[in-house]
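So, here's a batch of structures to check.
First subunit A sits with subunit B, and in the next complex the same chain sits with subunit C.
Showing the complex of A and B:
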């Protein structure tokens, strides 16, 4: 995350440079991810926050190389994982990266598990493919993994089908699948969005614990600033395909600079609010990504926007200090007191 | 943990599928047919080709002399005799072999080839899909009867030819079913999740897509079986099915065509057998599909 330092000084697990993912649509090229760069140090967790449609999931799928066929990535984009550029790899080479090196947890465990395969087999699958384990060994490992992710009676559960498990349990299974080959980087794409509120914290705690125990690097994608608050080292805020603010998590919450981040934070209901208080929303809609407005993309929805905002695009990184707090805004919140 | 107590059956409480009357009635008829086809040579009946010129067009229950195991004995023609005095029961039992062979082997040919092509088309899309769909549309547009006559002409009329030709004709239908369900499953997240752990395309098709697509294909195969038994009957009626002396139900119905007024049983008995068989396969297909439905809704 921190800018200005080279890879030699700090071992980055993942370096993303100038990433631009476009989708071919009837109306033209839709820029889902637009000029995104960031570096991710080993063993850290980065939170990627943004509204629906801000390009968070496309970003993660671009990193994995799992884009649909109508997507194009610019040629000079770099996705450097442990020194190797994933963009230059063939599909066959990428297959050996996916699973043992980079793994992913998806949003909806109802659909990310195969309904007609026993969960034990689904966990064993990648170990058989990548590590060449025998079916028996892989099954025993699957039982261990199930126990590790907090599923009771794993010896019984291993032979059950996904529909016999609750949503939270299924997400635990999905996490076990992702962990099966000891990945170095785990991408969790809205892992709690489809779950019951009571289970969300448990799943996030589980992810955090596994990340620490296994010394994994993690990308936690969410639309909820509250989720990233206590659980990430860095936060990148995405809006309309761009990262508009990134900083240390602490720094971001103490010295929020970007108006969009502030609007996101204000839209979280708080306990101290009086009953029946109207929920704050970010007014308006995200911009059309086929032909985005000139200037700052958030300007049409920003109450502080003036003429400059609608004409010139604010450069990303203005005011970046030693902390590496970067943002793209002409009228940032003054750092003095922060927002709260 | 909150979510561990909420989910149901821990500890061996397995959901057992209870098969009702609607399953066992048609199933017992199909099992009986298989039994007949397997044991056709061992029944105490005259040969299906043995003609009795003194006992032509006899109604069921007619008693006369017949050769059984090369011995002439007193014999009751339980279902009567046809226009050439052949025992209808013997011919019915031997004819069931043709119907079952065509009805079961042909759909398997269609299921294997069509299922494979459909899955490839639905999974890889693009050019492969274009070619497969175009070829299948061409096969569908070609008049089936003309194709059958052509194949019979070149390969010679035999049970193998009929089975093979009808099998080829069902390929496009299986391709469509397989492609349609592959399209929906390939879009599901678990396929993406499988790719995200580095599974190869081949393994995804075999392990993730096939088990999901197989069930709808199987149900469809049972309905195709019913349709093919009728198709064989039509071919037999046109004289395009198995050549004599091998007997088939379609050919039997054709034999009785000219005697419908004086001896309707010659046509009606094989027609009834065909009716029951087709109905049974249709009922089985529907029943098995209804078993699958609640499972689908639970996903």
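Showing the complex of A and C:
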């Protein structure tokens, strides 16, 4: 996610501008995504990190145009994918984008797979529809894809149903489906949250390998900063519907500026810590997005907040001396250098 | 073994053809937290439920302060049940959505017939306060009005209201965000100190287990493969499986070398036909002929450090 450059200088696969997604609820309009802008350079992986309810999944669904009927997106929002604004496209046009151009992997592989369709058919389906392959070719491709994502005995597995596979294997199948039409952009929405740590490491390795081999651009959505650390080029941290800090991954971890990002990082238990070490927590809860507090949205939970924070909303911008590292805070952590 | 509050000996749990827990022996000492780690399907939840006698184990003994729960029946067992309580992974589905928090947390008190209605309300009030909820706001509400972390606090309140000696936690933070996970882990630690609890803590995440546990037992396909104090297990893991689990924990530092999982890829073998000899050998990078023939027993490698491996990694 980089700022301040135009599309002419660098080929961006995706450019999001002033995106606001609101949901109509009985209490009023809920601002799930609020004024989000970012650019994704081709072939890079971007991590989007935030707590439950921070708007990261709504953001990805807005990009895909997969929103429920009570959602509204502002008219001046732009979601430019390879030069074309997806917001201006009809549903029929979007159907040619979803799958062959932008594919998605979801959190729960059991509910994202069709339980009554053989997995081979689920992988082949999009190739038949979008690429016009014959059934036979699509089936052979499906077997190859299953082999590629690390499923043993793919010739046999291709005729099995999702319930015959373990959670990790199902997620591999979901990845094979997403990769079937060679998408340019892959959105992985908490792809490992429902899985064991050993399987999580394998799935993340697999996604990383596929992203590099296919020169795909990837958005990796997670609530765990540990997951994005070694596997992304850029990170955007979301809080209460807004991106509050974004930077090159190494820079983010080394020169963390937002108190919220720091709090998220410190809440992760670490192997090298002593047993029973007290974990740092963020007190309170995320704000009500129907009527968010004035000023900085994190201020009610921030121990450094003062009057200014509760009155004026901090602008999201690039900090002095740090190229491309943006954040929204009146009292940022002073960059000291070094890790952590 | 004199300080063991909970003694589990030769525990076997079988569901039809599946042997979920195969001859497991361990102890939980008084006032300690024992972490039980392993992947999905390794039998850790079945072990926990067998300790609760829900359902009863196929064979083996579960002794609480010397009393074998497996041999107890009817009212004798019921009298001991308040001493062992449990919390579960999914806090929302483990609470009855149609009842208020007051009903939910006071239900255990009603079952054992403790106190009058007013007294029970007072106990619930104090308990909710202890777990960090505002009792006056919470008591009249129903579970759907709370977040996942708050529901887990309600579950903890319900489990502790009978003042148990042992608390069994089955993946209590796996469904929660990292920020909420930290709150619940801190709360469990506070509760342990405040009520003198002994905890059996089950999880697949070694970093979480290390944070909360005094000792850790690693389980693989129905068997215990390593037991050690948590610091020692992290510094000197002896079983190749423990090493693999440790290397799978994501490190929140982009400059750290990404450790690839030292496992031979693949799933847990089926517990209906476990591999001969050492059960881990099909995924173990160090497996040799002997591993397929003889099953390695759980032996003492050093004081307080047991491992079940023919070729333990003692040099690292």
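We take it that the second predicted complex is superposed on the first by the 333 of 340 C-alpha atoms of A that agree within 3 Å, B and C clash if a C-alpha of one lies under 4 Å from a C-alpha of the other, contacts with A are read in each partner's own complex, and residues count from 1 in each chain.
Quick note on the criterion: a residue touches a chain if its C-beta (ideal position, glycine included) is under 8 Å from a C-beta of that chain, and two chains touch if they have at least 3 such contacts.
This one's a predicted model, so the numbers in the text were calculated from it and none came from an experiment.
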item: Partner chain in contact with A:202 - subunit B first, subunit C second, else both or neither; value: both
item: Touching partner for A:312 - first (subunit B), second (subunit C), both, neither; value: neither
item: First (subunit B), second (subunit C), both or neither touched by A:144; value: neither
item: Touching partner for A:66 - first (subunit B), second (subunit C), both, neither; value: first
item: Which of subunit B and subunit C A:230 touches, first, second, both or neither; value: second
item: Which of subunit B and subunit C A:166 touches, first, second, both or neither; value: both
item: First, second, both or neither for A:155, with subunit B first and subunit C second; value: neither
item: Subunit B versus subunit C as contact partner of A:265, first or second or both or neither; value: second
item: First (subunit B), second (subunit C), both or neither touched by A:98; value: first
item: Doubly contacted subunit A residues - partners subunit C and subunit B; value: 150, 152, 166-169, 196, 198-199, 202
item: Complex contacts: residues of subunit C adjacent to subunit A; value: 39-41, 147-148, 177-183, 185-186, 189, 204-208, 210-214, 230-231, 234, 244-256, 258, 260-261, 263, 265-268
item: Residues of subunit A defined as touching subunit C within the complex; value: 51-52, 150, 152, 166-169, 196-202, 204-205, 223-227, 229-231, 249-250, 253-254, 263-265, 267-282, 285, 339-340
item: In the complex, subunit A residues that touch subunit B; value: 64, 66, 69, 94-100, 103-104, 106-108, 110-117, 125-126, 129-130, 150-153, 156, 163-169, 174, 177-178, 180-181, 196, 198-199, 202
item: Partner subunit A, residues of subunit B touching it in the complex; value: 1-4, 6-12, 125-126, 188-190, 192-200, 203, 207-208, 211-212, 215, 295, 298-299
